[in-house]
Structures are given as structure tokens and as C-alpha cells.
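Mind looking over this structure? Questions follow.
Just so it is clear, A, B and C label the chains in written order, and each chain counts residues from 1 on its own.
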Amino acid sequence: MEVSGGPGRGIHPAKGIAVEIRLDELARLLGGTLKGDPTLICRGANPPGQAAADEVTMILEPQRREEMEGTEALAVIVTGEIESLDRAQILVEDPHQALATAVKHFRPPIELTLPPTGIAPGADVAASARIHPSATIGKGVKIGHRSLIMPGVVIMPGCVIGDDCVLHAGVTLYEYTQLADRVVVHAGTVIGANGFGYRQEQGRHVPKAQLGYVRIESDVEIGACVTIDRGSYGPTQIGEGTKIDNQVMIAHNCQIGRHNLICSQVGIAGSCRTGDYVVLAGQVGLKDHITLGDHAIVGAQAGVMDDCDGDQVYLGSPAMPQRDQMQIFALQRKLPEMRRELKTLRKQLAVLEQRLNSDPAETVDGANGQPDADTDTSKQRAA
Amino acid sequence: MEVSGGPGRGIHPAKGIAVEIRLDELARLLGGTLKGDPTLICRGANPPGQAAADEVTMILEPQRREEMEGTEALAVIVTGEIESLDRAQILVEDPHQALATAVKHFRPPIELTLPPTGIAPGADVAASARIHPSATIGKGVKIGHRSLIMPGVVIMPGCVIGDDCVLHAGVTLYEYTQLADRVVVHAGTVIGANGFGYRQEQGRHVPKAQLGYVRIESDVEIGACVTIDRGSYGPTQIGEGTKIDNQVMIAHNCQIGRHNLICSQVGIAGSCRTGDYVVLAGQVGLKDHITLGDHAIVGAQAGVMDDCDGDQVYLGSPAMPQRDQMQIFALQRKLPEMRRELKTLRKQLAVLEQRLNSDPAETVDGANGQPDADTDTSKQRAA
Amino acid sequence: MEVSGGPGRGIHPAKGIAVEIRLDELARLLGGTLKGDPTLICRGANPPGQAAADEVTMILEPQRREEMEGTEALAVIVTGEIESLDRAQILVEDPHQALATAVKHFRPPIELTLPPTGIAPGADVAASARIHPSATIGKGVKIGHRSLIMPGVVIMPGCVIGDDCVLHAGVTLYEYTQLADRVVVHAGTVIGANGFGYRQEQGRHVPKAQLGYVRIESDVEIGACVTIDRGSYGPTQIGEGTKIDNQVMIAHNCQIGRHNLICSQVGIAGSCRTGDYVVLAGQVGLKDHITLGDHAIVGAQAGVMDDCDGDQVYLGSPAMPQRDQMQIFALQRKLPEMRRELKTLRKQLAVLEQRLNSDPAETVDGANGQPDADTDTSKQRAA
């Protein structure tokens, strides 16, 4: 099944068709000024790094301009024209606000409302798909061939499910969630809930925009009671073939690579990226905005606070390369011994010092043939 | 919407009205002796610290009498009269048992039974509230204006939901759970299950009384797959404006303050208290009976084993103030170096000792103009 | 209620009866050669250590032959005949494959398909059991006397529930799950999902066989949002009287003992075993294949990486006996002090060394009555 609403593409939940807009119209919509070809057709809006060749993105901080060099995006929302950037640009005062407006144009927020019982009239369900009567399928949902939707599953409006997917009992997909083909989701899992992002206003936490969605690529298997939050503007993404164990938490904007193994109770904070074939053992935690290289392995209960290169094993909290951490673990066990040694050294040093302080006399005495002082310090040393 | 059954107030699930009793009748019910005004009207029972001005509470251990000084409670259940206490007192043999009896009077345990399909006859649902047909609304439940109850939600008898609340798909509220206004609960979350409290009897774990409930104040947002257990006698409480991320666990009797931010996979054991504006980062754990001051911040994966003052950052497991913990983290990385230094010091000391032991002779020899010994020790030192 | 399909016994989901086979037929089915009495009747297949007296098991690696000495199994699948083994043996080339075939014979994999709404025709529900109309009860399910199945519960085909069990709202039991009597399962819990086991083939993770099931013994209470995965071939088992708190994860093949207390957010990796009366505090993690002795206690957030004897307390990550870990925790706090001491020792040693190097002269000078050098080193020492 072709998922017509690919990553970041708007699908009108009621119509099930992709939205298009000319760049000059988009600039007008955003209250901005267009520098570039007004006739270009834009088909989506996404954050930097996630925008496709027919989509608009934004750039906020000047130091991030370099990131734009390689962007595929059709157009970029900017505060001031960037001469060096070979792309259409829309000049606005508040790029965040403008991107939010563009995102809402392409993926209009769906007013939270009760879905009708069973399959909503507008839904597009393949004839070979099997839907349990107790499941709820919202407006504009697409379900591919042979997919199986078990009892109590709730699929909110605008979701797209590919072919041969299995959604076990009680799974909830929030609006606009996208599953490619052969995705298996075990019971009780919740995909697409709001990200945990707030700003403080007059002493109260006010939710930030949570206009994004979740995109799960093909052949992903997701365990029971897993939670994966939607992105802020674009997708939280799980790469092809990745396997996720029970009770894993993946926060908003994360970009999980292909063929990862993410064990039980792992928690990944917002905007993390993992390469391909990354392994996260049980109860691992990743701080927000962490990047892990391909084939990185993080040991159980580790807490990753900094980016990690690939092809290495990391352990501990805070996490560090295995070799270093193993040495530290070993030395922690030797701390009692080290402390005892320190004490011994202190004593020995004191003895030496005392001997040395008495040495001038001793030496003189020694020259006089009196060895008694030496015997005394020996005793002290043994004490 | 006014929640007529406020914290700790009994509401007859069938009648939806608050229960009242004169103090003399209450004393008779508890099999105790009243010292005080028999005509006073008691409207609830709650543990110390949670009892309102028209409620009864109890005091068990003499050393906790100080806590009573500031209590608002109308009456106190005691084992022996406390002269210094300016409150009505009910003298009983077993205050725990008596409080349990009082709690059961005001909030009679609801026999676990199948709720009818859909909305139970006795439920009081505002006309503007929207309830999905697949949701289950138990006897005596109240639901306020404009609240939205999504598919598969189960609300057990005696629950009270305020105005403008949203309960996403598959949320379960156990009996007597109270949500104030504008509370949002994401999919799969379970509020009000039994606390994890057992006593051992003849080698078997027997559940302790779980007669309490959960009270969520206004403007709280709760993530997906969160669990919040009911109190033992009174409420487990979440303060106004607090935001809770996915997969958080809050155990029985906890009193979470206002405007807290509790990140994903945090676990808070029984009877903890947090002040206002507390922040708990991902995977933090709190031991039972911990108190955190206002504006305390606990870093990711930290394990809090002792009470923490406010306005400070805590890190590590066991947790300590950030400054101390950062120093320890840094020094742990230096353990290999420290161990090498210890070894070096040991060697240098041995050399010195040896030199000193040979010094008397050396000195004499030196005086004789033979510098060879000195050269030797230099070699040893370099080794 | 007698659970006729005990651990590892096959029950035809459609028929609800146990499956029997003669050993000679079984050998033929497995493509193997039988050494032993062909007329013996085999009634189940299970992994080593879990096979009953009328069941077949397997033995793979020669070094594990010792494990077989005490096996109750009726017959053992082997690669070559073991003379010393007093059991019927079935010789095959690939014992893993053969055991999988045997397991499938006794507990035929149920094709994942939509259960009908409500109670499936083939289900055997006691008259006194109460089933909510929104619950789903699959083919061949047995439910004992007085058991209570709350709204939204999904019980897949082949499950067996004993007497007086309570399954709270939204619980999911995957196929073949077995609950003995008086088992309480709180809302949102998922029992029997696939274990997290994959093998890599051409760069893709391919699920390993997950032919097993979950067996919960009597008087077990399981909290909300818990996940317990099925075994690979045989049962993941929870012993009698054990209590499990919210959000606990128990992986495939685990054998949890009797009367354990497993606190919230504990994660137990695959194939672990715990003795009786084991206590795991909050957020504890167990590496796979760990064994904990009777009455072992593991403190909050500990990470168990090695087997632990019983009757001891373990702390820390990696976990070690309490006494050792407490000492290390205490010494970690002393690391700054230790480092300062090292520095001081280094300086003192340097001073001593310098003094000693100058001593020959000093001594001579001292003999000359010039104490200045001594004064100088005192200054250095104080610096």
C-alpha cells in the first residue's frame, strides 16, 4: 500500500488528499515576503532536517545556517535573507510562529472530539483488513491490506496504517499517526500523545505547540505499554526494522534509526537521534538532544548525558565508554583498600618526617655510635 | 463545577450527597469515648495533615502529637486524652482501626461489581459533557460541563470529574477518584488502583487497608500509561497545575505539590511530599516518605533517599546536592589516576625509607666524600 | 476449579481437552529415533527444568547433561544417546527445532485472528463468573467460579482463568495464558505478549520462536500497566502468593518464586529465577539469566548483574552486598577528601625528598650550627 500522506505531508482528514500551495500564497499566509520563484508548489512543512524536496522548513539561529546547506527543502522561512542559500526564502519576523502556521495549513489540527462508534464514514479501510467491532476508527483514517485491528483499539482521525500491520488489543493511535507496512504494535501501547513540553507564564506551565505526529517505518515491532509522543512540528520517527520492547518511552521529535533494538523500560528524552543498529539495554535513559552513532551499544541502566560515537559500548550513569567505566567500577570496589593505603601512607610519612626531623641530632648521635633512635622509629613504623 | 465531595468527603455513590454525623454518634460508631462537644457535626475522616475543619483525624504515636498542634481537624481520635490539645477527642483502643471505621462511614467501600454498559442510571453527567458510547460510567459518578470521555474509558462508581476535563482512550479511574477542572489524562493511564501495601501473616502477604482515593487538582495534565495509586485512608493528591509525563508511577498517600514537572518514568514511592514548582527529571526514583522542598530539582535517574531542601539541584543515586555529586562524578573519572598516584607514592615512600635507613651510614660516608649511594637512590626513584 | 491444562499442557483451544501422544508417534512426528518404551504416553513438552513427569524435554549442550540428572521428564530429546540417562530418549539432529515441533503439537499456535464480540461460542465460563459485555473472551477460554471480568478486558483463545479471579478494566491476556485461583490483575496490564527475542538475518532482526505462555499461580496480585511476556517454549511463571506492583516488566522465561514482593517499575530480563520471599524494591533491574536466592532483598534502583545468594541485601548498580555497597557509597562521598589527602601526601613527600637530598650537606651544615635550611623546608611544608 502506498502511504500517500508521507512524512510531513498534510492530509485533510475529511478528504484524505494531500494539500498543495504556491509559494507566493504560502508567503501571504505566513505574513512574510517571498524571495524566490512564486510559482513553486509546496506540499508540506517540517522542521530542519526533516523537510522533503517539496516542503518548506525554517531556520532560526544564524549559527544553524550551516545545517541548511544540505537541506532538500523547497523553501526556507528566515528572519533575514541569506545570500548564500540557494533556496526560495520567506522572510518573517517570528519563524517559529510561521512554521507553526504552515504546519497547521498542511496538517490542520483536528479538534478533539468524540469519534463515532466503530468505523467512521470517511475512513478508507482495505477490504482485506479485519477490524474488531469494538475498535474505533476515526474520520479520514486509511488502513491497508490484510491489517488486523484487535478489540478496543482506538485510531484517531487522520491516521494512516499500511499493509499487514497488527494492532493488538487496546492500542491507541492519536491523530495523524503513520504506520508503514508490517508494523506490529502490542497491547496497551499509546502512540502520538502530546509531547511533554511547557513554557512558564505567570507561574503556570502552558503547553507548547504539539502540532507534529509519529511516523513508524516498515517492519517495526513495538512491545506492550510503550509510549511514543508526537513531534512538536514534524514527526517523531522510528526507523525501518527497529524492535522496541515493552514499557519503552520515546519522547517528542526523536529520530530513531533503522534496525535498532530498544529493550524494556528504556526512556529516550526529546529530540534524540540514534543511528542504525543501535542497541539500548534495559532501563537505559537518554538525555534530550543526544545523538548515538551507528552500532552504538548502551548497557543496562546507563544514563547517556553526551553524544556517543558509534561502534562502541557505553556503560554507567553518567555513561562512558565500557573500558573506562569497567575500570571505574573495579576501582570503586577498591575504594576501601585505597583509603586504607592512604592512611598507611600518611602514617609512614609521618614516621619518616619525624625521623628526619630528629635526624640531624641522630646523625650526630649516630656518629657517636648510638643506634637507639633508629630502633624507636622502627617501632613507630610498625604501629 | 463545584465538586461537592471535596477531598476526604464522603459521597454516597448511590445518592451523590455528602454524609454528616454528630460527634457523639461518631464516638458511638467507633466504640470510643468522646471528650468535647457532642453536637458538633463531622463531615469526613482523613489522616493527620489531610483533615479539613469539619473532619475527624487520628493521632497514633505520642511523638507525633506536635503535628496535631496545627491541625484544622474538628476532632482527633486518640488512645488517651491529650490535655494540651484544643480539639474534641475520641478515646479508643486502636486509632488505626477507628479511623478505618470512620473512613468507611464517610466513603463506604464499594463492593467490586460489574458496572452496567454505558452510563449507569445513577450517574450525574452534565448535558454539555460528551461521553463515547464505548465508555463505562459507574453508579454515582458526576461529570462536569464540557468534559470529554473518549472510547474505552472506564470510570468506576463514586468518581467526580470537574468541568472541561479530557479523558483520552482507555483511561481507567477506580472508585471515588476525583478530578477537578481542566484535567487532561492521556490514553492508557490508570488512577486509583490499590496501593502496594501488605503485611505478612503466617508467611503470606495480606493486603493492608486501601480505603483512600486519588484527588487531582485543576489544570493538571497526566501523560499516557501513568499509574497513580489511591491513598490508604485519605487521598493521594496531585496539586494544581502540575504536569506529569508518560509512564510515571505515583504510589499511595503521596502529596504532590502545585506546578510540579514530573518527567517520564519517574517512580515516587508511598507517602512522599513535594513542594511547589518541583522538577523531577526522567527515571528519577523517590524512596517512600521523602519530602522535597519548593523548587527542588532532581536530575535524571537520581535516587532520592533523604529529604531534600528546596531551591537546590540534586543528582545521583543516592542523590546529593549537584555541586557535591558533580565533584564525585569528576573524581570517579580520576580514580584510575588516583590509584596510579597511590602506587607512585608508595614506591617513592619506600625509596625514601630505604634511603633514610641507610642514611646514617651514607651521611657518614658522604662526610667521607663518597657520593655513590646518592646516585643509586636516584635510580630507584626513577624506577 | 481444577485447571486441567496445567503448566506446559496442551489444550486444544477449540476442544478444551488435553492432547496425548505415544512416544513412538512423537518420535516419528519429530523425525527422530526413539530409545525407550514406545508405549509411554506423553502429555506435554517443556524446556529443561520445567518439564513434568509425563512430558518431553530437550537437552542441547553436553555440559548441561548434569541438569538432566534430576529431571522429572518422561523423555528427553537429544542429539546422541546418553548412556547414563535413565530416561526415554529421542535422537534428532536439531533438538531446538524438535522441541518447537513438540510444543506446537501440544499447544498448537493459534493463528492470530479477530475474536468474535463478547464471549466466543467455544468458551467455558462458570455460571457464577461475571463478564462485562464489553469484554472479549476468545475461543476455548475457561473461566472459573465467581471470577470477575471488568470492562474492556480481552482474553485471547486458549486462556484458562481459575476461581475468584478479578481482571480489572482493560487487561489483555494473550493466548494460552493461565491464571490459577484468586489472581487479581489491575487495569491496563498485558500478560503473554511476545518475548523480545530476535536473531539477525541479513541485517534484519527476525523474531525467534515465542511458542510459550504465561502461568500465574494462586493468590498473585498484579498491579496496573504491568507487562509479563510469554516464554519461548514453556511458561514464564509467577509463583504463588507473589505481589507485583504497577509498571513492572517481567520478560520471557522468567521463573518468579513464591511470596515475592516486586515493587514498581522493576525490570526483570529474560530467563531470570527468583527464590521464595524475594523482595525487589522500586526500579530495580535484573540482567537476563540471573538467579536470586530465597529471601534475597534488592534495594531501589539496583542493577543485578550476577547471581545473588539468599538472605542478603543487595544495593547499587552494579549491585553488591549491602555492607560493601554502603562502604563504597560512603567512600565516594570521601573522594574529594581522599584527593586532597593524596595531594598533601605528594607535597609532603616532595618536601621530605628535597630535605633528604639536601640532608648530607644539611647535616654537615647542621653540625656547623646553621639551622636556616630547616626553617626553609618548614615553609615549604606549610605551602
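Quick note on the criterion: a residue touches a chain if its C-beta (ideal position, glycine included) is under 8 Å from a C-beta of that chain, and two chains touch if they have at least 3 such contacts.
Just so we're on the same page, UniProt names per chain: A, B, C = UDP-3-O-acylglucosamine N-acyltransferase.
Quick caveat: nothing in here was measured; it's all calculated off a predicted structure.
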Chain A onto chain C, rotation angle from CA fit, given as a multiple of 5 degrees: 120
Copy pair chain B, chain C: interface residue numbering same or different (half cut): different
Whole-Å gap separating chain B and chain C, where each centre is the average of the chain's CA atoms: 29
For chain A, residues contacting two or more additional chains: 134, 152, 170, 188, 225, 247, 265, 283, 301, 317, 332, 335, 338, 342, 345, 349, 352, 356, 359, 363
Partner chain A, residues of chain C touching it in the complex: 112-115, 117, 134, 136, 152, 154, 156, 170, 172, 174, 188-190, 193-194, 196, 198, 203-205, 207, 225, 227, 229, 247, 249, 251, 265, 267, 269, 283, 285, 287, 301, 303, 305, 317-318, 320, 324, 327-328, 331-332, 334-335, 338, 341-342, 345, 348-349, 352, 355-356, 359, 362-363, 366-367, 374
Sites on chain C touched by chain B in the complex: 130-134, 148, 150-152, 166, 168-170, 186-188, 219, 221, 223-225, 241, 243, 245-247, 259, 261, 263-265, 282-283, 300-301, 317, 329, 332-333, 335-336, 338-339, 342, 345-346, 349, 352-353, 356-357, 359-360, 363-364
